[in-house]
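The chains carry the letters A, B and C, assigned in the order they are written, with residues numbered from 1 in each.
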Amino acid sequence: MASAGFTLQQIAERLGSQATVVGQGGALITGVAPLHSAQAGQISFLATTKSRVLADLASTKASAIVVKDASSAPGFNLIVVPDPVEAFDLILGLFPTPQCPPPAGVDPAARIDPGAELGEGVAVGPGVVVQAGARIGPRTVLWANVFVGADCRIGADCTLHPGVVLREQTELGDRVIIHPNAVLGADGFGYRTDRKTGVHHKVPQVGRVIVGNDVEIGANTTIDRAKFGSTRIGNGAKIDNLCMIAHNVQVGDGCLIAALTGLAGSVELDHHVVLAGHVGIRDNVHLAAGTIVTAMSGCSHDTKPGDVQSGHYGQDHRVYLRQMALTKQLPELFQRVKELADRLEAIERAAADDPKAG
Amino acid sequence: MASAGFTLQQIAERLGSQATVVGQGGALITGVAPLHSAQAGQISFLATTKSRVLADLASTKASAIVVKDASSAPGFNLIVVPDPVEAFDLILGLFPTPQCPPPAGVDPAARIDPGAELGEGVAVGPGVVVQAGARIGPRTVLWANVFVGADCRIGADCTLHPGVVLREQTELGDRVIIHPNAVLGADGFGYRTDRKTGVHHKVPQVGRVIVGNDVEIGANTTIDRAKFGSTRIGNGAKIDNLCMIAHNVQVGDGCLIAALTGLAGSVELDHHVVLAGHVGIRDNVHLAAGTIVTAMSGCSHDTKPGDVQSGHYGQDHRVYLRQMALTKQLPELFQRVKELADRLEAIERAAADDPKAG
Amino acid sequence: MASAGFTLQQIAERLGSQATVVGQGGALITGVAPLHSAQAGQISFLATTKSRVLADLASTKASAIVVKDASSAPGFNLIVVPDPVEAFDLILGLFPTPQCPPPAGVDPAARIDPGAELGEGVAVGPGVVVQAGARIGPRTVLWANVFVGADCRIGADCTLHPGVVLREQTELGDRVIIHPNAVLGADGFGYRTDRKTGVHHKVPQVGRVIVGNDVEIGANTTIDRAKFGSTRIGNGAKIDNLCMIAHNVQVGDGCLIAALTGLAGSVELDHHVVLAGHVGIRDNVHLAAGTIVTAMSGCSHDTKPGDVQSGHYGQDHRVYLRQMALTKQLPELFQRVKELADRLEAIERAAADDPKAG
């Protein structure tokens, strides 16, 4: 953490005009921590009034707290803001922990093919393999045991964490971050089945993966190369851990894809689509700009801009919630129908017993 | 791509008697590309009439297109076939992109135990570890940073992509392809919980993994070793990325398992079972030959040959679709029952008001 | 396997007073195997009477079988116990297969920073990287190609299998086992989106991962570092393959988390929570001690101790099963309501036709 630190007032000023200090503006803040573990000199935040959080508040040693409502933490030095979580994210940037220093220069135990080109300031850790024809932009960092296949293109200022594999011809833009053990450019899952013998013949997967600028790709995520042409990830898209992006998928600019989500072959996401965790999208489906698919839901049809989809095959989120609520009332409905049947039968019996009806 | 290329007529002849040329059979084709990026000299295909695809067609520079219906792409050189996608898969094989050349011979930075045996023509990249007692068949390729544990058996003509881990005693048949960072032979997830203390004691996982011939295993997929005996993957089975095959699972010949699917302990798949993406099968369940489980569905019971299962615990796919359709009609059903109740009450009230009923 | 072996009587004695021998107590047992592959000298077990298992029984060459009911396997040497599976897990421990010997000492091709500290008896394989400031406890084994980032702390007697990545400042307790290619300490998935431009700005992820004693973490599982503070895995927790533990999650002591499960940011599991496969927990949710979430279910709300939750958003398991059963009866319910409507209409029509009602 920055040894000097900031006063509470200085921090509030960094947050803009909506932030106000309550208490000692001169209090020295030297770091950040969660409420339950904060020590003197550290700032924390309070975002809910859940009882567990209030218990943390009662015992915290934090020197200041970011809150929405000054009355929620009486007696503390406070910064009051409309959105404590958002404000705290900005404060985090003021107190960076020491980053792990990247490897300096090219490690002698890395295996760089003479036919590869490394830009100025490229850092390469031990165990890295860069094959012939690969070109790596300035200041890019390849951590230990990264594999860069033949003819890959990597832009400037990228970070590939340990164990990342880029198979041949993969392209990355600038400022791309790839977390450990992610795999780009593996063969797509494509076979032609002989109907007589049941043998699955491998369909050649001769395309590539092309990733735009400012993309982040999570640990152990896999992005398959196209059958032909390219699997594409647009600028500024962010993909979480353990996602599966199949061959020929097109992910638009600014999409957010949470963990354990799978996109089947040739899915197309327009820009700023949001897929929550454990989502599955059927092959060849096109999701329009701004579509949201909620957690653990599927989507098996094209959407319109801004659609919010939920459920097994995807439907309007509010309609789905209404169906779920009614499903929970099924026991009462079955009971009600049974009662109606009984009452109806009573009427019918009375009518049958009525001589005038005979 | 092949520098010489083929004429359109030559390509059509490779596709068999159902393929016919419309336009210039002598047009020279030197490569393949999707409609939207195809250039002169390249062949593409048209499989749907979606508006986005038709827009690609309007602007394509492809020299020829594979279609089902000649009228769908007037003015182009065409090959007309019953199934353009299937035909194009065959054409892909005519225009292979240059494969990334595998490592030649055994890299000096690989660590091959003197007690391991390598067949003729085995290629080993840098960072590879092969432990004592392992035997590797002729022409198999181990890419960079692959780990082959003690006493593994690997057949002929296999490809293990970078970062693959085979723990001790794993066996692979011939022509097996394993994509990057997949893990075979890790311990199964097995514990005995002490009911008094709540401590989970590890159950020894002393079995192995045995994989047949012509199997393909996706990136970051995990296949655990058996508790005892063997976890087995049958000949010709194809497993996609990020799948979990638990201890003692038996996968039959020719099964297809799509991404993010999990098979719990001791599941048995008979031959040619198809599991779509994000599927989960409960432990000890037996799926009969040809069973299909649709995407994002579970299956918690044994099946009969050819069953198609959907939904959380698995049921007949058509029955499930019918239930989903009726669930969507629940708002109307609740309304209808309410109306019936109102009408019934009106009748009961009329009867009560009727002096003759008194 | 142990060359000498045990007599059947000796094995039964190891299982405690509830185990009794039927047949030859002096039979020599030298190993374990499943029924279908067991050979003379091996012991197996019979846990069900499924027809497939009975077929295995009919053809087995096992010298002894562990059973619940002596009548289920007449003519065999038996050990009769209340729970054959549990008993067999204990027997497995008597016949360990030869473990793959770990690397001896520190491999010369490992890259240990001079500023790292290795305890007595630490074993390090080729391709391993240990950065400055890391401290590794006695007898811990780092298999090939493991990456240990700066300032990590690893306890005694841990095993990190090939390809495991610990990013900087990760802490492990004693006796932790991490399976191949798992990743601890990657950045959490956190962004602030500029509402005007749609650009996602990375929120610093400056926390760490802290893992307790006796934890086991599956192959290709990912545990992200905290945004600030710590992501924590409690003592004795067991996590299966391909799980996603997001930033700031707190996993309590003794939790069991099966494969392909995802915990979103800041989820808290109290002790001994059990999550079956393919489970998803919404961010910030707190699951009370002993909560169970069944396979392929979600949970989007806090629970009470011992709750069993199922379904998309999580609800009481038995209530959920009842709803599913009624959903399956929807076709009949729709039909019944239609019949009621018809009968009601008949009554209304009769009343309308009745002159006395006019």
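One rule holds for everything that comes next: a residue touches a chain if its C-beta (ideal position, glycine included) is under 8 Å from a C-beta of that chain, and two chains touch if they have at least 3 such contacts.
Just so it is clear, the model here is predicted, and its values are computed rather than measured.
Asks: Pick same or different for copies subunit B and subunit C, depending on whether their interface residues overlap by over half.
Replies: different
Asks: Any idea what the CA-fit rotation angle from subunit A to subunit B is, to the nearest 5 degrees?
Replies: 120
Asks: In whole angstrom, what separates the CA-based centres of subunit B and subunit C?
Replies: 23
Asks: Which residues belonging to subunit A are in contact with no fewer than two other chains?
Replies: 109, 127, 145, 163, 181, 220, 242, 260, 278, 327, 333, 337, 340, 344, 347, 356
Asks: Of all residues in subunit C, which touch subunit B in the complex?
Replies: Counting only subunit C, the residues touching subunit B are 32-34, 37, 52, 86, 89, 92-93, 95-97, 99-101, 107, 109, 125-127, 143-145, 161-163, 177, 179-181, 216, 218-220, 236, 238, 240-242, 254, 256, 258-260, 271-272, 277-278, 295-296, 311, 324, 327-328, 330-331, 333-334, 337, 340-341, 344, 347-348, 351, 356-357.
Asks: What residues of subunit A sit close enough to touch subunit B in their complex?
Replies: 109, 111, 127, 129, 131, 145, 147, 149-151, 163, 165, 167-169, 181, 183, 186-187, 189-192, 198-200, 202-204, 206, 220, 222, 224, 227-230, 242, 244, 246, 260, 262, 264, 268, 278, 280, 282, 286, 298, 300, 312-313, 315, 319, 322-323, 326-327, 329, 333, 336-337, 340, 343-344, 347, 350, 356
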